[in-house]
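Two complexes follow with chain A in common, the first pairing it with chain B and the second with chain C.
Up next is the complex of A and B:
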C-alpha cells in the first residue's frame, strides 16, 4: 500500500490526537489497571493481602530481554499451609501476564525462578494463591535500561 | 527450533530432602510483539507450558506467556521421598512436545 503525503499527514495528525488522549499508550502497553483487573480475577474479587510472599528481581535491569526474577512464599507446604500457585505480572508490558507456577504437595518449598522480558521500567507484581483461597501479593519496581519487547 | 532441553537434577538425595531442579531449553520464545524486517508482526511462537512429573505424578508446572525470555529457564524445588524418574515436558504453541527424563536415587 502506498501512502501519499496527504494520507500520511492525516495519519500523523490522528496519531497525535491519540497520543494526547493517551489511547495509544493504552493500546501499546497493558495499563496498570489491566494488571489490577487480572489480580482481582485471580484473587476472586478481593484485594490480595501483603506479606508472606517475596519477589526478588534486580533493581536495575540493564537488558530488558532477560531479567531474572524469583518468588518465594513463606509456607510449610503441608496440609493447611499450601501454596497452590504464584503468578507474576508485569504492569508495563504489552500483555501483563508473565508466568504462573503451579506447586504440589511434593514441592517442599514454595519457590521458583525464571527470566522474563520487560518492555520498560515498571512494577512487577507477584501474587500467591494459597490452597484455602487467600491471596498474597508483593510488588517491586524494576528499572530497565534497554527494553525487551522488540520494536 | 527448540533443541535439547538441559536439566540439572542431583543424582542422589536423602529422604525428606528438598532438592532444587534447574531446567533450560533452547527456544526463541517469539513473543508476537516484535516486528520483522518486512514491518509486520512476527507471529507468536512460544513454549506455553512446562510440567515436571515424578513417577508419573505432577510435581510442578508453569504456564508461560510472551514475556518469558528466550531459552526459558526455570528453577523449582521438589521434596524427595523415594527413588524414581523425573519427566520434564515443554509444550510449544505449535503443539510439539519436547521432553527429557532424569533418574534420582533417594536413600
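Up next is the complex of A and C:
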C-alpha cells in the first residue's frame, strides 16, 4: 500500500488513539477534604473505625465510565448488631457522595453493589453506619488509566 | 582447597534447590563447548515425591528454536528493588550463583550475549520441548505429571496470525497439556477463544473473568486432578489487565482484574473439595504473584508467566513456591512435590533451558509443525533485508527492534515523534542475520496492527509517558500491567522510576534539534497497536516490510532516547 502524506492525514482523521483523561478537563472536582468532611458529618464528628466493612473494587478500572464496586459489612443484622446504612464516596468526582444504601432487619445481610463513573484515579471510600451510631470505613484506590501499551 | 568448579559439581550451591541447575553451570560449560552436553544432562533432576509439575509459558507462537536476548534493564521498585526478577546480567548470575558464560548463564542473562549465542545456539522449538515432556512423563509415569500451559501461546508469529491461532492449538494438542490460561489469546476475539478452547480438549481456566452484566464466571476456575495418589487442584488466572492493555472491544462482555478475594474463595473451595496440593497457574506477572503469595492462604505453588522472566529455581515466599518459566519456548520449568499426610513436605525445582542443538526433536511434533507451516513456508522464509547489528526487543526501555520500528514509523508516516508499545514478546536477530517475514511478524503479529498518524500536544505526550510508566513502576505490583515502557522515537526524555505518577518523566526534547517539548504545541505522532476501535492506518507489518526492504541493511545509530534518573 502506498500512502502519501495527504491520504495519511485523511485516513487518520478522527481516530482517537489514547483516551486522554483528566488534565484538560475543566470540571470542578471535589477535593479529598470535601469527602473527609462529609464522612465526619456522617460519623457525627468522630473518625470511623476500620474493620467490619469490606469494599471491593478493581485496582485499575477497565472502563472509567462504569466501575463496579461492592461493599459488605460483617453483621448479624439483628438487634444489637445492625447496619443502618452504607455510603460510598468517590473522592475525585464532582459530587463525591455517590450513593447511600439503607438497610433493615428485613435485609438479611448488609451487602450492596453498584457501578459508578470515575473520571480519574482516586480513592473510593465506603462508610457503614450502625444502628448504635458507630461507623466503620474501608478505602480503595481505583486507578483510571489510558492503557494500551502493555505486553 | 576445593575449587569453585569442583564445589559446583557437587551441587552444594547455596540457594539452589536442585543439583541440576548447579551442575549445569559448572561442568556442562565445558561439556557443551566441547559439544558433549547431552539431552540426559538437561533432564537430570532430583526427582522427588508423588507429583511433578511441568510449566511452559508465553511461547508466543514460536514453533521453532529462537534467539531471545534477556533484558539489560529490568528495574524493580519499592519492595521489589534488587530481587528477582529485577536482576540482570552479572547481578543475576551472582544472586543465583551461576558461572559466567556457562550455558545456564546464556539462557538467563544478556551477559556477552552475541558470543554465547553463537557458541550455544538457539533455544526452544516445540519439538524439543515435546521430547523433554515425553521423557519426563516416561521417567516419572504419566500418572504423576501435570503439564501446564501458562498462556500467551496462540499469538506472536506469521502463521498464528494467518491461522487465527489454529497452528498453535493443533501443535499444543500433541503435547496434551492438562490445563491452560490466557492473555493474548483474547485478542483473537471472544468468539474465537470460545471456539478454540472447546476444540483443544483440555480446560481453559480463569478464576478472574466474569461477564460484565451479571458478574458470573465465564470459564471454569479450577481443574482437579489425581496425580500419584494425591488430589491436586489447578486454579487459573488470566492476565488481569487484558481489557486495559489490549482492546476491550474484542471481548466486550468480559471483565477481568486480579480479584484476590475470588481467588482465595476458589482456593478454599478446592481445599474443601479435598485438594492436598493447590497450584495457581497464573498469567498475572512475576511481581503480582510475589505479592499474591503473601496475600493468599493455602497455596502451595504459583506458576507465573506474562512478564517473561526466567529464574533457575523456584522462590520460596512464605509457604508458597513461585516459579517463573520465561518465554518463547526457551525453558521448561519443573517442580516435584512430596506429599506426606496430605501436605507438601518436600520439593525440588529447576528450569530446563531448551538447548535446541542438544535435544533430539520429537518426530511427531516436528511433523505437526511442518504440517501447519507448509502452506506458509515460502512466505515465512522470504528474506526482506539483513541486519548488521543485534536486533532485540526485551528491556524496560527501548530495544533495537523497536528503535527500528520507531524510525520506520517516522519515515514511512512522515511523523516527528513515534511510539511503539512496550511488548515483551519478540525474538532476537544476531548481527549478520537475514531478516525474514517470520522475523518481522515475530515483532508485529497482532490483530490490531494499524499504524496511526495523529497530532498530540506536548502535554498529552507527557501524560501518555507518565501513565505507561506508572503501569511499569508503581510500587504496588497490583497496579502493574506487566509490559515495558512505551518505546519512543524522535524524542528523548528522562525517567525517574522511583518517583510517583506525574513526576517520573522530565526533560522531553526533540532529538534532532534538542529543543524542549512545548506542552501546548502539537506534534505529529505515529504509532501502532492502539487499543481503540477503528484506528486507521496501514498495518505495522506492511509498513515495516516496506521500510526494511527499502533500507536493505539495518544498522541503527545508538539509541539516545531515555536517560534514567535515580537508579
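General remarks:
Note that in this section the second predicted complex is superposed on the first by the 118 of 151 C-alpha atoms of A that agree within 3 Å, B and C clash if a C-alpha of one lies under 4 Å from a C-alpha of the other, contacts with A are read in each partner's own complex, and residues count from 1 in each chain.
Assume contacts are C-beta pairs under 8 Å (C-beta built on N, C-alpha and C of every residue); 3 or more make two chains touch, one makes a residue touch a chain.
It should be emphasised that the depicted structure is a prediction, and the values quoted were computed from it without experimental measurement.
Contacts of A:104 after superposition: chain B is touched, whereas chain C is not reached.
Looking at the shared chain after the overlay, A:56 reaches chain C, while chain B stays out of its contact range. Contacts of A:47 after superposition: neither chain B nor chain C is touched.
By the touch criterion defined above, A:117 reaches chain B but does not reach chain C. Residue overlap on chain A between the chain B contacts of one complex and the chain C contacts of the other covers 148-151. Only residues 65-67, 70, 77, 90, 93-95, 97-104, 106-109, 111-118, 148-151 of chain A touch chain B when the two sit together in their complex.
Touching chain C in their complex are the following residues of chain A: 1, 3, 5, 8-9, 11-12, 15-20, 22-24, 56, 58-60, 62-63, 68, 121, 143, 145-151. Those residues of chain B that touch chain A in the shared complex are 18-19, 31, 33-35, 42, 54, 57-70, 72-79, 81. Residues 215, 241, 243-246, 248, 255-258, 261, 413-414, 419, 421-425, 452-454, 456, 459-460, 463-464, 467-468, 470-471, 476, 478-479, 481-484, 486, 501, 527, 529-532, 534-538, 542 of chain C touch chain A in their complex.
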